[in-house]
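Next, two complexes with subunit A in common: one pairs it with subunit B, the other with subunit C.
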Partner chain A sequence: MKYNYKIYARALVSALDEAQDLAQKEKIIKNFLALIQKNKDTRQLKKIIDFASKIIYKKEGRQKIILETARPQNNLKNLFQKFFSEKDIIEEKINPNILAGIRIVINDEKELDFSFKKRLELLN
Partner chain B sequence: MKELIEALGIDWKLLLAQTFNFLVVLIILRVFVYDEILKVLKERKKKIEEGIIKSEEAEKRLKEIENLKLEKIKEAEKEAKELFLELEKKARANEEQMLLKAKEKESEILAQAEIISQNKIKEAENLAYQNLKNLLKTSMLQLLKLKPEAIDEVLISEAVESLKKQKNEV
Partner chain C sequence: MSFDIIQKLKKEIEGIKPDVQMEEFGEVIDVADGICKISGLYGALSQEILEIETEKGKRRALALNLEEDTIGALVIDDFTDIKTGDKVKGTKQILSIEVGDELLGRVIDPLGNPLDGKGPIFNSNSKPQRYFLENKAPGVLDREPVNTPLHTGIKAIDAMIPIGRGQRELIIGDRQTGKTAIAIDTIINQQFDTQTRKPVKCIYVAIGQKESKIAKIIQTLEDYGALKYTVVVVASAGDPAARLYLAPFAGCAIGEYFRDKGDDALVIYDDLSKHAVSYREISLLLRRPPGREAYPGDIFYLHSRLLERSAKLSKEKGGGSLTALPIIETQLGDVTAYIPTNVISITDGQIYLESDLFYQGIRPAINVGLSVSRVGGSAQTKAMKRIVGGLRYTLAQFRELQAFVQFASDVDEATRQKIERGQKMVEILKQDDLSPMPFEKQVIIFYAGLNNYFEKVELNKIKETEKNLLDYISKFHNDILENIRKTNELTPENEAKLKEALGHFFENLN
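Presenting the complex of A and B:
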């Protein structure tokens, strides 16, 4: 039977919550991966992990912030860290499609688009 | 007296005979011809009078006909005048109506022309705006090719400023 990635993610988070220590958590993850493989749902793995992370971040009151730029930037994380909580996870991502500038994505929900691509789109 | 008559050569006997003859002729004429002549004259007179009366009547009739003719002419003239006035009135009404229609048409055409003109202006404005946008886009892309790092810096600074503003508001 095929399961939706959200169901897998919620099950994984629920199992990890019940784990007593790190070893138990590792065992749970191992078993979970084996189950995915058994069910032939490895294609959904990325979605499952992303959604599970989202749930965990939400539970812990953390945010996942992605800083997208067209090319590598020096000291970008430090520049933006002050606007977010220390608990928040800030990731840098290179996306040449934005041409220049920066695109800030918070929890895959909110977006602050200061990209050159967006400026060009506004001219259309 | 006798001498004078004799000097004049008058013969009493002859005179008497002639007088007698004359009287006889007169009586004969009176008895046989006079009445006939009188009758003929009377008839003639009557005919002439009748002729005159008829002529007068004819003249009167003629005058009446003439008057009637004049009257008819006047009437016809009056009718023609009325008809003319009526036609003139109708023509004026038609003219006014046509003028009104022409004015309406003119207004309609002007309104349409105004709309077309406005549309043309709008089109021209849009085209100019589009051209300007394209020019701006091209310039921006050229600038991006020349100094992408500078653009990165500007846009990242803008993002930082925006986040600062948001933080201050909170």
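Presenting the complex of A and C:
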């Protein structure tokens, strides 16, 4: 039977929850990857990890913040850290398509778009 | 000079302060056959327009299936540019169309874009309104019974299956039996029925038809001067299923604009069987469970909510009306199939066309026995109602006798006379395409026919005599026609005049 990536992710998260220490967690992950390989579901792996991390973030009350800029910036992470909680995970990403400015993506669901590309679109 | 322009532009651009807000977005995870699966976008509404940002610009999609964590959306624009991973945003808008009087005389697609090459529909002076494609039908209190006739100009229909303004009358029959012809004749006839009644605005919705046929229909309407009060909504056989699905709703929205304004409108859905097929395609692609004949469970509701929007509004609501003439194509005369039975039960009657009658030369090939109008009778003009009262009975009797006489060797004089009368009546009811007859002329013909004035006319000369009679009446006794047209009645004085005129005409015939 083929399992949906959500089922895998939920199973992984609940198994990790029950783990006592780091060594056990590592063992669970190793076994999990072996299972995926055995079931020939490696193609779903990215989806599984994305979904599992979403569940974990939600559980821990964290947010995943992506700061998209057109070019590499210095000290961007630190500059934005104060706007978010300490638990939140901030990532930087280079996306030349936005031309200039910054685009802030929260939890892959919402965005605040201060990019030049958006401005150009609004001019239309 | 150019420096000035650049400076001005810079100033303008600097002055723009875009209002950046937190926006929700989703991602295309699957796209095929005009259907998109979208993940995320948890706040999307049912029937909301979504914007997919592709490399070649934005493409619109209609959110139809809201599932646990995906949305099944119907792509309205070209779907070939959409890739998985494209960003999708909601617009918080429900699908709507711009409507206004400027639409009359135009050919548009279901989204309101012109297709006739006559330029933009609305100019800077016009004030178009936005009407939702999916709209709620008027409630019980907003309606009143049908009371004004909508003359089709077809003798058999106006006499025996009268249609009222605000009624929903189904035209049903096999392929090539003249269904579209009835609809076109009805549109053309509206220009002749304006003296005591409001002119009717017409909307012709072509669903899944050949472009060549649509072009021919538009040309016919133009040639007969009917395009100026008609809007043609086109979703041809080459268009994606999404357009075919939306076309009748767009046509209905345009009709509602006229209805709400207090005007009378007529909308023709040609045809709803193809609409059902396109909805089945969409539903199956959206993985909705198939039911009978693989149609989805809500196929009945699809048509009932569309046709329910046709109504006669009460005086308080402006007294407008929207009449619907849906067309259904049957396969080998099978009216018991799923879609025909559905639409028959929704509408207020049906005009049933038969291929056997068509090939016998009885055109329009209406089967009078199976055709019915459930509410139109109260909208029929007094003149017509009084005269054609016995027509259905005469024809029914004739058909019965005809079947019986096939086996009998000799028949008595009374039966022979009845059969002869029936044959003549059938001959009178025959009518060519694109020649709708004003109702006052129909009254004259039926009066003469049912009072046996045609007794001595040979069967093959009925058509010619009918034409000559109408010529004679309109040339020498136009006051009779004028009186019927104005009063909608055949007054005793007028009847006496008509009797005299008919007597004179038929005496001098031989």
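Here is the rule we use: the second predicted complex is superposed on the first by the 124 of 124 C-alpha atoms of A that agree within 3 Å, B and C clash if a C-alpha of one lies under 4 Å from a C-alpha of the other, contacts with A are read in each partner's own complex, and residues count from 1 in each chain.
Just so it is clear, contacts are C-beta pairs under 8 Å (C-beta built on N, C-alpha and C of every residue); 3 or more make two chains touch, one makes a residue touch a chain.
The structure displayed is predicted, hence computed values, not measured ones.
Looking at subunit A, does subunit B or subunit C touch a larger number of its residues?
Of subunit B and subunit C, B contacts more residues of subunit A.
Return first, second, both or neither, reflecting whether A:D108 touches subunit B, subunit C, both chains, or no partner chain.
Only subunit C; A:D108 stays clear of subunit B.
Is A:F116 contacted by the first partner subunit B, the second partner subunit C, both or neither?
Once the two structures are laid over each other on A, A:F116 reaches subunit B alone.
Using the touch definition from the top, say if A:L79 reaches subunit B (first), subunit C (second), both or neither.
first
Quick one: classify A:R71 as touching subunit B (first), subunit C (second), both or neither.
After superposition on chain A, A:R71 lies in contact with subunit B alone.
State whether A:L99 touches subunit B only (first), subunit C only (second), both chains, or neither.
first
Taking the contacts subunit A makes with subunit B in one complex and with subunit C in the other, which residues are shared?
112, 114, 119, 123
Applying the document's contact rule, which stretches of subunit B touch subunit A when the two form their complex?
Residues in contact with subunit A: 133, 136-137, 140-141, 144, 148-149, 151-152, 154-156, 158-160, 162-164, 166-167.
Hey, which residues of subunit A end up touching subunit C in the complex?
106, 108-114, 118-119, 122-123
Quick check on the complex: what are the subunit C residues that touch subunit A?
Within the complex, subunit C touches subunit A at residues 13, 16, 18, 20-27, 40, 42.
Residues of subunit A touching subunit B in their complex?
69-71, 73, 76, 79-80, 83, 99-102, 104, 112, 114-116, 119-120, 123-124
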